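The chains carry the letters A, B, C and D, assigned in the order they are written, with residues numbered from 1 in each.
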Amino acid sequence: MIDKRVADPAAALHDVADGATVMIGGFGEAGSPIELIHALIDHGASGLTVVNNNTGSGEVGLAALIRAGRVARMICSYPRSANSTVFPELYRSERIELELVPQGTLAERIRAGGAGIPGFYTPTAVGTDLAEGREHREFDGRNHVLEYALTADLALVKARRADPHGNLVYNMTARNFSPLMAMAAATTVVQASEVAANGGIDPEAVVTPGIFVDRVVHIASPAHESDLVRRGITYP
Amino acid sequence: MIDKRVADPAAALHDVADGATVMIGGFGEAGSPIELIHALIDHGASGLTVVNNNTGSGEVGLAALIRAGRVARMICSYPRSANSTVFPELYRSERIELELVPQGTLAERIRAGGAGIPGFYTPTAVGTDLAEGREHREFDGRNHVLEYALTADLALVKARRADPHGNLVYNMTARNFSPLMAMAAATTVVQASEVAANGGIDPEAVVTPGIFVDRVVHIASPAHESDLVRRGITYP
Amino acid sequence: MTSAPIGLSRDQMAARAAQDIAHGSYVNLGIGMPEMIAQFIPEGIEVILHTENGLLGMGPSPADGDGDPELINAGKRQVTALPGASYFHHADSFAMIRGGHLDLCVLGALEVAANGDLANWSTGGDSIPAVGGAMDLVSGVKAVYVMTSHCTRDGIPKLVESCTYPLTGVGVVDRIYTDLAVVEVGSDGFEVVDLTEGVTFDEVAARTDGPIRDARSTEVER
Amino acid sequence: MTSAPIGLSRDQMAARAAQDIAHGSYVNLGIGMPEMIAQFIPEGIEVILHTENGLLGMGPSPADGDGDPELINAGKRQVTALPGASYFHHADSFAMIRGGHLDLCVLGALEVAANGDLANWSTGGDSIPAVGGAMDLVSGVKAVYVMTSHCTRDGIPKLVESCTYPLTGVGVVDRIYTDLAVVEVGSDGFEVVDLTEGVTFDEVAARTDGPIRDARSTEVER
């Protein structure tokens, strides 16, 4: 039987290489795969390029990965949060690079990476600093910028439910970037709150078909970032 | 209350203009909105450009629309079927134009139209007759062709269930192009086998959010094209 | 320049903007002050709220303790989902935005120029650059409204001849709701289409840095 | 050229190709002869079939009367969905194809050239042009296999120096399963990696139009 389940996060991440590009699902704390991120910290891979909409909060999850010095470069749309100084401090001291991308362009670049589309044109950011030095082209009299696909070596994704084939459904707004990142990464690792038997997800309601998923870890009661931050927890 | 339901197909299609571009959902008979197509025939609009994967079968539905001389131009990937001579006869006598597009490129062009992406690059068709005369560009050493977005004045879509907001779910492989076409058309008209009350579709399982839908017609027992063809029915 | 206490409160500004939103509209309300508009949509008017992190049909904040940390809005605050809601991923969400499917967005501003340029994402300098979905919204949504105080706390006009802060979009703003007036962006500059009660056109003009005219004779489109 | 009745039947060809498909593969089987492969996947090997009209986990044809006209494959024949299946729209389906997520497709052919060019969509002339998903499959799927009779009914080779029919893709074919042999496309032309029992390399070479060599000493990758 096809069965993509692995025993634990450490087993799911055993082969991450230094310098890897890692897409991490989530928008703020919604959909953030904290247990996988903590396992990535434990694993020790460094020099990472991380793609996420934000840069984490407090000193857990993504913020902890950044604080541990493992991230050489962030690709994101909004690297600020009310309760974390981790990224700003490293950025101001030039110990981390930032590629700032408008949120919709970031999403579309990741989708393009997963869909085999190497480049596309978008009207977003035309006339702004973020379009400076970029290739422009008019369509129907309107100016657009050429944007390039984003792909990754690894995607870390949090799902509400998975089955052994890797089919996924998500929890409300925790869906966000995860289905796109699952498409765009060479290896997609999922932490799922529930793991159903094969056939346990309605084929009409599958959001991420299993073809985009490589490894599934069962994390029955995932931590909530805001809860850890409130309790003053830091990782490790 | 927001309520996109209209009384019948005629009311839903009252404002179709001659020369309109009409996207029609369906792959073969799966997802073909036959009752809406027949209402479009009754309406009388002509000089249409129709976007569909195929050109219909028998002398009902899309084949009947073509046979009635209403279609000036087809944009499709596979204008052949085992049981219809309607399109071939008109094509051979140069009474209908054909823009042949690889199926995946067709789907992506429609999605791009709905997503505000005016153009994208794809490796599909490079080196073939279908890429002749097109703009090429290399990405990572591989050649690609520039493809342009497709949009439409009208999309006709068949759904399994709709709600008054226009949220839709589909029936198995009847989904195919319909969610994309609903995004790409200025006006999207849906025939739904069931119409649920507001809140009657699980928000996690919605395939087409209501923002992409303008009018919903309840067709409780839609005809199956293959059944009509088997019974030798022609329309009108 | 006078700093006399004239003009609307934040709640009143939100209520004023809410009056002009058509029934059945699909609307994205920017983080901060624009979010307040949702509370003031008039009885009988139904508006479907979009939040770019993947929800159509967003409802109000949950009662204390009823929220879910995975049901949030773009400002990362807990919200609810109304009947008829739908969840979707970010590419679909920004297809709605970029593809022109949203009727309206209302955003905050650092500056709005007389030609409709908007600056609202960066104060320049050495702040951490962060753009979020602002550039996508202004380039894709059918109508872009701004809701902002007419001047900064220091009394410096935010409606200006041309923006000094980095731009979010070029010529994108259609209408501005301030504490003093409702201002449209016309072909020749700012056009005051409504004045707050007790505020004169001259008071508005004195607090505005670009070309501005009184366009109240024109019927206000509501 | 002899037309002696040597070589595999269509069922045997399908069974031979089925032997080489790895457990857990995501596979698209082209309309016609390649579809038959599904019936011959060996016991214990699980393969997930993709049909480009929006289904992963496609099962066999339904029993008579059990089918649904809206559950069909790319050839528009009624199929079933296995446990673990998923439905999706065409853009997602071709994202799987174009994005390199499918491990293998097996397609029919009019001609395969010694450099891997494939012609399988048009016989040219005044036939109605129809391409379907063939060009997408060959440009996106990780491995492209062809299953075809070695020659046409008239005895004309389908493995050729260069294609005469319009191309579906350039240099895309990795391996060819015919009634006579399993042939890989190498850097110098066709390479016979397996022969049908009772068929000699010379018989295959005599029925092939391009450069061909016996590569059976090389371990066949299975």
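Here is the rule we use: a contact is a pair of C-beta atoms (placed from the backbone, for glycine too) under 8 Å apart; a residue touches a chain by one contact, two chains touch by 3 or more.
Note that the structure is predicted; figures quoted are calculated from it, not measured.
Participant: Both chain B and chain D are touched by which chains?
Facilitator: Where chain B and chain D share a partner, that partner set is A.
Participant: Which whole number of Å gives the spacing of the CA centres of chain B and chain C?
Facilitator: Their C-alpha centroids are separated by 36 Å.
Participant: Please report how many Å separate the Cα centroid of chain C from that of chain D, as a whole number.
Facilitator: 56
Participant: Going by the touch rule set out above, which residues of chain D reach two or more other chains?
Facilitator: 81, 87-88, 91, 94, 97-98, 140
Participant: Would you pick out the residues of chain A that each touch at least 2 other chains?
Facilitator: Those would be 108, 111, 115-117, 122-123, 170, 172, 203-204, 207.
Participant: Dump the list of chain pairs that touch, please.
Facilitator: Final set of chain pairs in contact is A-B, A-C, A-D, B-C, B-D.
Participant: Name, in rising order, each residue of chain A that touches chain C in their complex.
Facilitator: 27-31, 53, 77-81, 87-88, 91-92, 98, 100-108, 110-111, 122-130, 170-180, 207, 224-227
Participant: Could you please specify the touching residues of chain D with respect to chain A in the complex?
Facilitator: 23-24, 26, 46, 48, 50, 56-57, 81, 83-88, 91-92, 94-102, 140
Participant: Taking the complex as given, what residues does chain D use to touch chain B?
Facilitator: Interface residues on the chain D side: 51-55, 68-73, 76, 81, 87-91, 93-94, 97-98, 122, 126, 128-136, 139-140, 166-170.
Participant: Of all residues in chain B, which touch chain C in the complex?
Facilitator: 1-2, 111, 113-117, 163-165, 167, 183, 198-199, 201, 203-204, 206, 209-212
Participant: Taking the touch rule as given, give the residues of chain A at its contact with chain B in the complex, in rising order.
Facilitator: 108, 112, 115-123, 137, 139-140, 142, 144, 148, 169-170, 172, 202-205, 207
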